[in-house]
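The same subunit A turns up in both complexes below, where it pairs with subunit B and then with subunit C.
Right after this comes the complex of A and B.
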């Protein structure tokens, strides 16, 4: 073996070091912390020392923020802070759940179509574009209006299915850019099976695009839940959701502005963090330009 | 029987502008431990020839006819599962650009492991040991450390060494090197080519070396095939093609390489005109419009490859050059 080893030349003895890991910035971690807090709150809402979000305290109607009611109460005397925390369950469940459905169906199909091309790709892409031609929101509203009684699972399912064509298109485009690269061909001629190529070669290379689209997707769906609630198509009251809370407080906005401000703020911060994280991650993982 | 036997291979690409004959009626063979050089300008069909030998043509956009037999197994029209049995263990490919031939998000060692584990069925630890051995064999210093490196942490030359290690992993009988040094610095090119030479001699593999650089093939190949517009226009032993070439295109190609023995400031001879548009090939010899020796017949009729002489030298020309000019 050793007689084959040729001494490395000047140009190739460059010190082998791990490049310094680029910082994501403190704001990124603040956002991650805030999202983490939201998710933890949603999970542990029922064991946290919070007042019952449905309990109507007629002694404290439209109360301003105080130590007793951190963010005040609504026109039925319900604690707003507690309702926001419990409400995040619906918003987060709809956002994450529907994206799991959307990615669970759209991503594998998009990858497969982009990798296989040919007839499979033609059929799938045409079908998806037909769905994309419909305004998704109108379809979601239509289905949810007639599919009663409304339930969280149904909302998640409908929004999830509606997001499939979008996910499909993004993932397919991302995969196509990778699928023709030499290293994919190289893996193939080194004997890798299609499944291995999809999972080991393609998936890691499109993951950055997928993850940032996933985060933006969750943000969009959380907004969509708000919009549906505004039309009375989200979960049935009195179950709190951020969208429901904003919708219900609409009528008393002039007397009690807190009521619309706080859930809006909660939603706004949540979305801001999601978008910011998605954007930072995308540029952080953008290592397609390999530097020599 | 030779290791690789290509008979009347034609490849047609279906483009939006019409059918394009990328490879036309190519026959060649590679024997055990032989090195065949394929030279030609860009667009002469070298890469398409290599891809069709590998069975890598895009099915929807290309069709191949003729026969490519590797160890007697037909590659043209073979099913993917049959090809997979031949890839890596019988025929492997070294890619042109080491920047794109390695997965940027996978450690280089793992990329070599894959082949060993999938094709040879080695265990994880055995594959790792063998991969490090391969990295050492291709001249990568401190291979244990490099095993865990990502491609982006290696220089171009190093990456090409990794690509070579990948190709050699399952000890193929035939290596297809498609312009293996085009993407590299000139100083690294010679190192990589010498490495290929050494490894080939040591591992007793055959090789097809595809290049547009005659300097590359001169000392490293036993046989040469000169391609023009998808056809082989001259073929023979490397010595014959260099010293006794008959086809004007071969001479033009040779003359357009700079020579150290030339006096300083010698003007490099360029081939006039441009490579033909394969979508609009005329009746005659594809090189005729650029050829100083073309007669009227050359424009009307296409010369076939002549019957090879006793040293397998053949050429396609109506007005062959004098030998030993």
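Right after this comes the complex of A and C.
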């Protein structure tokens, strides 16, 4: 009994003594730093002093981590560290590229539908819900298996289009929450154009939700690309990607476990940082939570 | 209720229609002459004539769709020109493995998630809640294909547990003990992915439910904590859980594909990837259709069950 009542009182007292913190915390910035490092590495991979990720050094096969090969070499004598850095290019390109497509189409439609309502909203929302019920992962696998030869641009396009309904739903819900607020009505009364209301009043207010969903979306897409690469449906070897590195290493797993561990670790840390930043931003900008 | 079901049923039909058009059109995404690609090395005039009759390839696109749909509705998914077997018999042989895998993983996931969520919802921000919160958040960021690779690396290679490594699958009929052993790591992998989601959903829903007035009433009546948690708080909170479980099925199947591929378990995922690599496009098309429709129907059934648990939803 007493235990049941405790949670409520506990939260009350802590909120009275220490006001809800507006700081994002040090872990947030560590994650931002790590992501920044990853992105910089991916952009400047070819000018960094890294060994060629495709060069096969038969004198150093399955080498353990050393100063010469920071994370060791694989079963063909290729440098793992260099392959991980170059592999991040595929993951980041697919993650960012497909989200640009998804948000580029889904976000304006979602905002417009929530702002205008009426028939446009009804038609769009029904259509989007039909596509949302479609198992997106199966659809992506299906299209990529038929639409040969596979290329990075196709993967980005297919995943991007598959993400449109989900982006639409999130943005539409977020816009609906603010579309009837007093400041929007005030702007309308003052004679502001629809475009001005959408861009100047609504957009800044849904941006926090949008950005945190964008980060989680990138994490989801990177996972999906990894799974596709693992199944051999992403970029063709020898081009390194985190997923196909893990896939290639499974045959030599017992001799050289480093080969599995390092790309897995790179991927998990990347995803963890994205999810963490997204989660933090959402609670940071969640005004209702602070008010309570 | 009836109106709600009717509306959902109309939606279901719409979705199945879109899926059928999508699956049908896949063949036409193939580069060049689809017949040449589908036939592969079996491109003889006789086979070609058979395929043209099967798909109606020399007819307009709309006719082709209805010919194809007619075959499918009669249970005729066509004959694969690569393996010379009927597509439906291949799918029927693989499907039960996926179902077994999903059922096993869901039993495991619920068995772990429900008690833990009950525990941590009782003391939000307590030690257990914090540890589980951080732990589940971390697990959320580990993709299933990494989980299964690490599990195989540790359990079957380093610890040498028998019948858990790649290619150790035995069918349920021939030896159920070995069957369960060989499915233990895949089921665990899928269970981890589901557990994380179920735990987080049920926990936050329970915390909200425990603030409700009927819980205060139950408490003031002097009911035991166990009774309040399991009888009064669990049922209203299980609605979100069930809904999430229904939506989760699609992701579960995709994770299933990955673990089957790694361990060479001859389920739908393994068959699908093998078919893609063999350019056996009719088989790929059949699997895509069956899996998509299956997922949508399961989602629909879950919706229905959620409705029975919480009739308020259909009245909205």
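Brief remarks follow.
Here, the second predicted complex is superposed on the first by the 266 of 292 C-alpha atoms of A that agree within 3 Å, B and C clash if a C-alpha of one lies under 4 Å from a C-alpha of the other, contacts with A are read in each partner's own complex, and residues count from 1 in each chain.
Here is the rule we use: a contact is a pair of C-beta atoms (placed from the backbone, for glycine too) under 8 Å apart; a residue touches a chain by one contact, two chains touch by 3 or more.
Please read all numbers here as calculations on a predicted model, not as lab measurements.
Of the two partner chains, neither subunit B nor subunit C is touched by A:23.
Shared-chain residue A:233: touches subunit C; no touch with subunit B.
Set against each other, subunit B and subunit C touch different numbers of residues in subunit A, with C touching more. Look at A:191: by the touch rule set out above, it reaches subunit B but stays clear of subunit C.
In the three-chain superposition model, subunit A touches both subunit B and subunit C at residues 1, 4-6, 8, 11. Within the complex formed with subunit C, the subunit A residues making contact are 1, 3-8, 10-11, 129-131, 133-139, 141-143, 145-149, 219, 223, 226-227, 230-233, 243, 246, 250, 253-254, 257, 260, 264, 267-268, 271-272, 274-276, 279. Against subunit A, in their complex, subunit C makes its touches with residues 11, 14-15, 18-19, 22-23, 26-27, 29-31, 122-125, 137-138, 140-146, 149-150, 152-153, 157, 207, 210-211, 215, 219, 225, 228, 250-251, 253-255, 257-258, 261-262, 272-273, 276-277, 281, 284-285, 288, 291-292, 295-296, 299.
Against subunit A, the residues of subunit B that register as touching in their complex are 54, 56, 59-60, 84, 87-89, 91-93, 95-97, 99-106, 111, 114-115, 118-119, 133, 136-137, 139-142, 145-146, 149, 151-158, 163, 166-167, 169-170, 185, 187-188, 191, 194-195, 198-199, 202. On the side of subunit A, the complex with subunit B involves touching residues 1, 4-6, 8-9, 11-14, 16-19, 117-118, 181-193, 196, 200-201, 204-205, 287-288, 290-292.
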